[in-house]
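Just below sit the structures, each encoded as structure tokens.
Two complexes, one shared chain (chain A), two partners (chain B, chain C).
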Partner chain A sequence: MNDSREHQRQALLGFLRSIQKAGRPVTDLTDSDSLVASGLIDSLAILQIVTWLETTCGIDFAVRGVAPEELATIGGILGVIDQESGRSPA
Partner chain B sequence: MTWDQLRHFHRQPQVIGWWMQHLGPVLHWLAPQQRRIVLAGAAVLVAIARPTMDLRKAGTRFGFEPGWLEAALVVLLLAAWLWGWYRAAQRFRSLPALVQRHPLLCLHSGFWALLLVLWLARPGTPPVQGTLVGCAVAMPFLLWRLGYLLLAAQRGRLAGTSLRDHLIYLWPPWGGTDTPYGKGHDYLKSVQAHDAEALARSQLAGLKLFVLAAVCAIGKDLVEGLLFGEDNGIRRALGGVTPGIPMLQAQIEAGPGAHPVWMGWLALYGELFRLVLRMGANGHVIVGCLRLFGFHAFRNTYKPLLAESIVEFWNRYYFYFKELLVNTFFLPTFTRWFRRHPELRLCTAVFAAAFLGNLYYHAIKSVPLVRGDWAALAAMFHPRLTYCFLLAAGIWLSMRRQQRRPGQSAPRSLPRRALAIFGVWTFFAVIHVWHRGEASFGERIGFVTSLIGFG
Partner chain C sequence: MLMQLQVGSLIEPFSGRRWVPEEVHRQTALRIGRFQALGVRPGDRVFLPFGNRLEFFAELLAIWRSGACAVPVDARLTAFEVSNLVRAATPVLAIADEATPAEVTAALTEAGVRVLATTETGASPGAAGDLRLDDDALILFTSGSTGDPKGVVHTHRSLRARWTGLHDHLPGAAFARSLCMLPTHFGHGLICNSLFPWLSGQDLFITPPFRPDLVARIGAVIDEHAITFLSSVPAIWKLALRLARPPQRGSLQRVHVGSAPLSAAAWEDIRRWTGTRQVCNAYGITETGSWVAGLADADVPAEDGLIGTGWGAVIKVLSSDDTTELPAPELECGPGESGYVWLNTPALMKGYFRRDDLTARAVAGGWFQTGDIGCLDERGRLLLRGRERDEINKGGMKIYPADIDAVVERHAAATDVCAFALEDPIYGQSVGMAVVLGDASDAAIASLHAWMKSHLAEHKLPARWWLLAEIPRTSRGKINREAVRTACAARPALDLPALLARAGGA
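Then we have the complex of A and B:
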């Protein structure tokens, strides 16, 4: 895993901590655990993730489209960032 | 065995072991690749049978007798249309910019072009009329499924897939309505079982859904028989006891004062319970079949009567319809419009999905639209207009409330939870007054106000 991806991962975890529900430590999740099914966030938080990706990573979902399942896991969100910044997932 | 173990029998290692032991060779043979071949073969049969049945039904409604020629033409034209969009999706990046940016608008414009031909040309020759009407009534089923294909293509997610992978949800062997249960390839791929044990787990979870479907069907018959006095097996088995509450629509049409207020309230909540149980009974069978085929998909209905907010109920009541509206209307609006105005952005996206999208979904599958019978269409949709507006307003307010609640807030106490749940029931029970039926707007308002002592 390169430094840039690790940096993005830490930034994402920081953001998820700010919107997560009580009593579910974000650090317990693997990259493939579903954020909604694990109870960390509710389905509405997907919108907050979209807004965060737009403002922080400059992703234009109007052009690329968006599927909720892409943003359902930490790995999925990092994959979208990778795809949009033109790098292959690590 | 404890109640929890019995309730979750499909997760017990002994049960999974027993299932694998008895179905071992079959499970190993049914590897994902093999399953896709079987399902694609079944999809071809569905591609012939479903439009043929739709055409026969359309013949009764439109007053013509469809023959084998019309049926063959409808099947072939739909197959060609589907093939054309599949090829377009495969070459998505080489399509004109307009199609790349608005694939769903372009997809739906084909359907509207066909309707224009039907309305303006009004073809009288039986094979031409039958073929065009047959295509128009069958297309909405495919439109939403092709929508998932094009959205996946827009995100560049079709690499390494073949027509076989897409046929299985375009003409799904597990059946269903115009709403795509199991969504599209992306979602199905994410939930498919990759080995024999995962397939066993998925199949056992499917069997559990069949049991739940039977429980829901019995519950629905109980409500219909014991509360509303319908003559069904359950009521007869229980000795025919019933207070004989008239159904909600009958009470609305009878007018205020025709029945006591308590009967109105009972009918209101009884109707909500009946709809939830009916949704569970139907949806669990379809998702159960998906799981038998190795796609461990979410349930369509998941304890909606325990939802503590309107948006939660909407998410749990008819999951795949909500997903369709979110993917097709909500997210495209949310990502394109009013990005600098968060409040307006959310409101516009919610109304695009729950109001406009909801109306559009029901309009394009209605017979009056295909006929071009505007008066009948308006009569059919005037109550739904109010229903969809109230639904959208409720969802928007509920989402705003949820967003403003601090993320780390403490869980609610039991009485507050019960109050929240009851509030959600009341909201959905009341808006269902406008769900369907022949009553006028005034009659519906009169019924609702009579429940709280006015009129």
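Then we have the complex of A and C:
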């Protein structure tokens, strides 16, 4: 994994810690674990993830569109960041 | 004159399943036969810990035509909460589906309630008995799931009065193809968004509730099924406005937003997205059969808190909230003057189930004291200005702090507690909790957290905790939730995720 992606991952984990429900450390999750099914966040918290991606990564979902399943996992969110920054997923 | 009920078609747009009225009647008859075979009698109560699918509506009609009373139950409740409701309502039977959590089914069975799958109908249709208008039809538990449950009882008469009131005030054609994305265990979703159009012979499109992946497709669903009407809550609209493409075909004729305050800005956003000016803030309370006021013609300038006029209800704003005396004319506030909102409607509940004490505290001579603060403008339109009721409105779902306090107080580590409303960017409000602990060790806090998880439904769990030395109280010893909120706002919340990780309580 390159430095930039690791940086994005740490930033994402830090954000998820700030909105997560208590009871499950975010570090326990793999990239493919569902954030909602694992109990880490509420289903509607996807809106907070969208807002975070817009403000910290400059992604314009009004233009790009969004499929909630893309944002269902840590790997999925990092994949969206990669796509928008023109990188290939690591 | 009460309206004649006549079902329309039921459609699940995401699964593609559809029942035309003849199939609804067949499915209902099979369930009536099943209830007769099981010995369900008039006056019995039947729990429905499932919903938002075709079979739910056939169960509801079959229960009613058997003379029994339906009790839709939120399947997200914990086993503890379900057991409490069983003790309060003593159901003879529960009907579930494959989505009903195993712990809910187990709690019902353990409490001696037989649980059947909704698909277990048997093969012999039954004939409907006479339906009596003043029989209990529906009980919706709104609070007290952890202590003394508060169940709103509606009779067939009060429900029909609600639908008749809506029928008289709203344009029927707008409801021809209605979409419900709200849960069917709460009044807004069930009585008004679903049953009002469907039992007026209109087609009802029903989806699983509060699913972001489905909300993201709402524009496409509206177009594909030529949806004319839908109702929702502001939190869902926040999601839809961000995630879903707007409908393109102009089928929507009317949109209601309810169960939580709607700002003028959000109102205009929804108008732009839906393509119709007929968007209104529908004021509803479970006790009045949900939607009780709004704008029949909603093409007016959006305004914070604007509701409109009564739909089969008389609205008064009084300077008093005292239900020990009849509302008197001299108590009425003038135009623009804020006071307590009272309602008089034939759709008013029969009362709280086996809780005459609570009914007496809410109703005076047929007038219902809503607990809301508002005013009437020069045109007699209601504007809501606030809420005096002690509740947390999380995206339209009402959570009662006393339910949370009652659970926490029973844990050995807690000596005092106060749950309260926190501002939330998505839900409008979420749950905060101030707690005084006799033992504030990581292990004790982790134990309290585990205790709460096993006793409170997920959506009631506090998002933030504060540890205080004492809970601020009034001079009369009552908890002052506003003072608690202020005290907590001035200090950082407990980092519960980190603490639980340390304590191994994950």
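Heads up, the rule we're going with is that the second predicted complex is superposed on the first by the 90 of 90 C-alpha atoms of A that agree within 3 Å, B and C clash if a C-alpha of one lies under 4 Å from a C-alpha of the other, contacts with A are read in each partner's own complex, and residues count from 1 in each chain.
The rule is simple: contacts are C-beta pairs under 8 Å (C-beta built on N, C-alpha and C of every residue); 3 or more make two chains touch, one makes a residue touch a chain.
Since the model is a prediction, treat every value here as computed from it, not as a measurement.
Student: So, does A:D28 touch the first partner chain B, the second partner chain C, both, or neither?
Tutor: Second partner only, chain C.
Student: Applying the document's definition of touch, where does A:Q20 land relative to chain B and chain C: first, second, both, or neither?
Tutor: both
Student: Give one of first, second, both or neither to describe whether A:L47 is in contact with chain B, with chain C, with both, or with none.
Tutor: In the superposition, A:L47 contacts both chain B and chain C.
Student: For A:Q83, is the partner it touches chain B (first), chain C (second), both, or none of the two (neither)?
Tutor: A:Q83: touches chain B, not chain C.
Student: Figure out whether A:E70 sits in contact with chain B (first) or chain C (second), or with both, or with neither.
Tutor: first
Student: Which chain A residues contact chain B in one complex and chain C in the other?
Tutor: Residues 20-22, 42-44, 47-48, 50-51, 61, 65-69, which sit in both footprints.
Student: Can you name the residues of chain C that touch chain A in the complex?
Tutor: Checking each residue of chain C against chain A gives 210-213, 216, 235, 238-239, 242-243, 245, 395, 425-427, 449, 453, 459, 461, 463, 496-497, 499-501, 505-506.
Student: Show which residues of chain A lie in contact with chain C when the two form their complex.
Tutor: Answer in residue numbers: 17, 20-26, 28, 42-48, 50-51, 61, 65-69.
Student: Please give the residue numbers of chain A that touch chain B in the complex, ascending.
Tutor: Spelled out, the residues of chain A in touch with chain B are 18-22, 42-44, 47-48, 50-51, 54, 60-70, 83.
Student: What residues of chain B sit close enough to touch chain A in their complex?
Tutor: Touching chain A from chain B are residues 101, 151-152, 154-156, 186-187, 190, 311, 315, 323, 326-327, 331-332, 334-336, 339, 342, 346, 399, 402-403, 407-411.
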